[in-house]
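Both of the next two complexes hold chain A, though its partner changes from chain B to chain C.
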Partner chain A sequence: MGLLTNLKSSIARAASTLFAEEESKRIGIYGPPNAGKTTLANRIVRDWTEHGDAVGPESHIPHETRRARRKEDIEIERNGSTVNIDVVDTPGVTTKVDYTEFLEHDMEKDDAVRRSREATEGVAEAMHWLREDVDGVIYVLDSTTDPFTQVNTMLIGIIESQDLPVLILANKIDKEESSVQRIRNAFPQHETIPLSALEGDNMDEVYDKIAEYFG
Partner chain B sequence: MPHQCTDCGRTFDDGSQEMLSGCPDCGGNKFQYQPTSAVEETAPPSEEPPDPPDPPVDSSVARTVGNAATAVRDLVGSSPSPPEPVEDDSSDPAPAPAGTETGTASTGTEGVDAQTAMAEDNAQASARTEVVSKDELPPAPETPKTASQPAPVVEEDTDSTAGTAPDAADTSDERDRPDLSELRDELNDQFESIKVLDPGKYELNLMELYDREEYIIALQEDGKYTIQVPERWEDS
Partner chain C sequence: MAEVKDPSEGVQIDLISGERMDGLTSMEKIRLILDGVREGNIVILEEGLSPDEESRLIEVTMTEISPDEFNGIEIETHPRSDTSDSSFLDRLMGKESTKKLTVIGPANQIETLHKDETLIQTLVSRK
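Take a look at the complex of A and B:
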């Protein structure tokens, strides 16, 4: 009888631990267009799920991602414990969308205009998610470009005003013109983690920090 | 080490002339000013999210005028001229808005000269006068562009009056500077969350998009858009 009681209590304990861990934090991947958000989302998903389905197509043409895409229940193991997150890959946030920008990429005008409209809807959606639906933010910046922009300052400010945990990633360190220091200087109040989502460089530290910030 | 290159982190003394032609090490041309008394002030952006990028404190009038102009420009119209990059914040400050923002900047070049000649070296004095010099400012660069913006559509119920845009632009081309009512109109425009400049060309007000409870789910080329209204609006 005593054995049965012990068994029951240990099952109950295991169940409560299980339920506690199942509460996934919803982490939004934000940043300007072409920073590498989808590349990062795909890498996280491929590294930590069995099937490794991609979150979305990657492209060098801006605004490839025009709808927020979510991948649920990604379990990241760090130092013996696990962190469960839902990753939301969002469209790049910008204050201007102009279809002529896409014409340079061999796109027909009609397609470019449609892409522009969808991108604008995507930004509206991303801002809506930020207000309602995320528990934390991974802010991805292209370290080869100037981080001192109105969009970056405004978004980081909004995130701070919401008291959301935010991890700033300096992406594309595989490129020669990359400058992580420039991003550190732009947002000295936050920790900046360098990486190359494309090459997989420094992903271990990124996962450590994801567990630390969002676990 | 009041000045620091934002690219490589090299530091320069106050008034150093080395950095006038770019950082000697990396060629960077952006420097942040770090007065010794302001080390603890590195985290103010959280207090004012909608402001333009100016995380570090910079006490030079040149930078202040640039920032002030940016602040006013962002306030008055998020995009005075569509092709202009957002981060271009110091090369074309508008004199009048800058003055209203800072107070000190509106005293004119003579005042600044007299005030600074004794306390500062030539580099700093020169930096001040150069920035406020009218020669370097384009003549009223923003007025015609921003005045033509009210026509495009935004809120969900409008019938896109894109056809009236050319008229508005024509009449405003002759004006040099915005008067108060124009400024007010432009400020009111900021409550719009998406402007349709042309089919396929949009301007977005991120703060407004973030602040609105309803959710835009589809845009149409005539300027209308479909929104999803929160459930708790059902009473009104």
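Take a look at the complex of A and C:
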């Protein structure tokens, strides 16, 4: 069964690239809550579009993004050629949401319950997108935290099983506790690029790699 | 299945063989897991789930979370070594990735104490 499904999906994928040659690749920004996905999406949009409206709000409170948000037709110029991508900022993926954790961030119970309900809907939606609607993945990790979590391992496994190109970004290198090597050790089968989405550090290499992986 | 005991008596563990799972569709597997976990049981899968099933498990878990009732799941997998028990063909067919011992429990009752390549220590508390 696996072989047949794989065959079917690779035919579908081949066909879609054939007929959609001019279309932008849809790149999903995935990763655990609070990794800096929205901060990165906002920076990409600010760097490469004229109006540069933010993709969404950034916050230290987890599950700030609770709806997948798409920004279309971003043209990234690299070495004289351009790469067109749609960027999809997704809610941080998790296997559990406990509204009482939001209460610690000075939130009323009603708001915390609503936030948790929206978060669960958003994560479900993001998982669905990952199976059906993305052509590549930027996986963002907070390099000050332990990358060897079950959610990261599962997500990377899911992405690999669909043969999607994936770029792992080690974010928040401006922080002292940051360890890029820890991420490289956790996912040795992939290339890890360090950056600070907040400060804009090493963005040139990030854009080079986006062009290389998704162009 | 056996009747569910009073959860205050202890923690029920469902150990599900690979053979039992083989006969089920993806959604049936996910139902079996989540029904067990929502009753407060720890579900152990001899052979784990495929990546696609894991992705659906996360999705269905999310749709079932409800405040003060169900907070979601904790999941731990223990990969077996690629080379020892799977042939090249198995790996080509993507079979090797499904053969991993998997422990799934209610998020508020299970806590990983330690994890490395050879040992997973888990604290399971009563409801």
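In this text, the second predicted complex is superposed on the first by the 193 of 215 C-alpha atoms of A that agree within 3 Å, B and C clash if a C-alpha of one lies under 4 Å from a C-alpha of the other, contacts with A are read in each partner's own complex, and residues count from 1 in each chain.
Operating definition for what follows: a contact is a pair of C-beta atoms (placed from the backbone, for glycine too) under 8 Å apart; a residue touches a chain by one contact, two chains touch by 3 or more.
The model shown is predicted, which means the values in this text are computed figures rather than measured ones.
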- [ ] Determine, for the superposed arrangement built on chain A, whether chain B and chain C clash or fit.
- [x] clash
Open item on the list: By the touch definition at the top of the document, which applies to A:60: first (chain B), second (chain C), both, or neither?
Closed with: neither
- [ ] Report for A:153: first if it touches chain B alone, second if chain C alone, otherwise both or neither.
- [x] both
- [ ] Examine A:182 and indicate which partner it touches, taking first as chain B and second as chain C; both and neither are also allowed.
- [x] first
- [ ] State whether chain B or chain C is in contact with more residues of chain A in the superposed arrangement.
- [x] B
Task: Touching partner for A:51 - first (chain B), second (chain C), both, neither - done: neither
Task: Partner chain in contact with A:93 - chain B first, chain C second, else both or neither - done: both
Task: Clash-bearing segment of chain B, relative to chain C, as chosen among 19-27, 73-81 or 109-117 - done: 73-81
- [ ] Enumerate the residues of chain A that count as touching chain B in its complex and touching chain C in the other.
- [x] 93-99, 113, 116-117, 120-121, 123-124, 127-128, 130-131, 148, 150, 153-154, 157-158, 160-161
Task: Touching residues (chain side chain A, partner chain B) in the complex - done: 93-100, 109, 112-113, 116-117, 120-121, 123-125, 127-128, 130-131, 146, 148-158, 160-161, 179, 181-182, 185-189
Open item on the list: Going by the contact rule set out above, which residues of chain B touch chain A in the complex?
Closed with: 4, 6-9, 30, 32, 42-43, 45-46, 48-53, 55-56, 74, 78-79, 82, 86-87, 193-194, 199-207, 209-211, 215-219, 221
Task: chain C-facing residues of chain A, complex - done: 2-3, 6, 93-99, 113, 116-117, 120-121, 123-124, 127-128, 130-131, 148, 150, 153-154, 157-158, 160-162
TODO: Sort out for me which residues of chain C touch chain A in the complex.
DONE: 50-52, 54-56, 58-63, 65, 67, 71-77, 93-95, 97, 107-108, 115
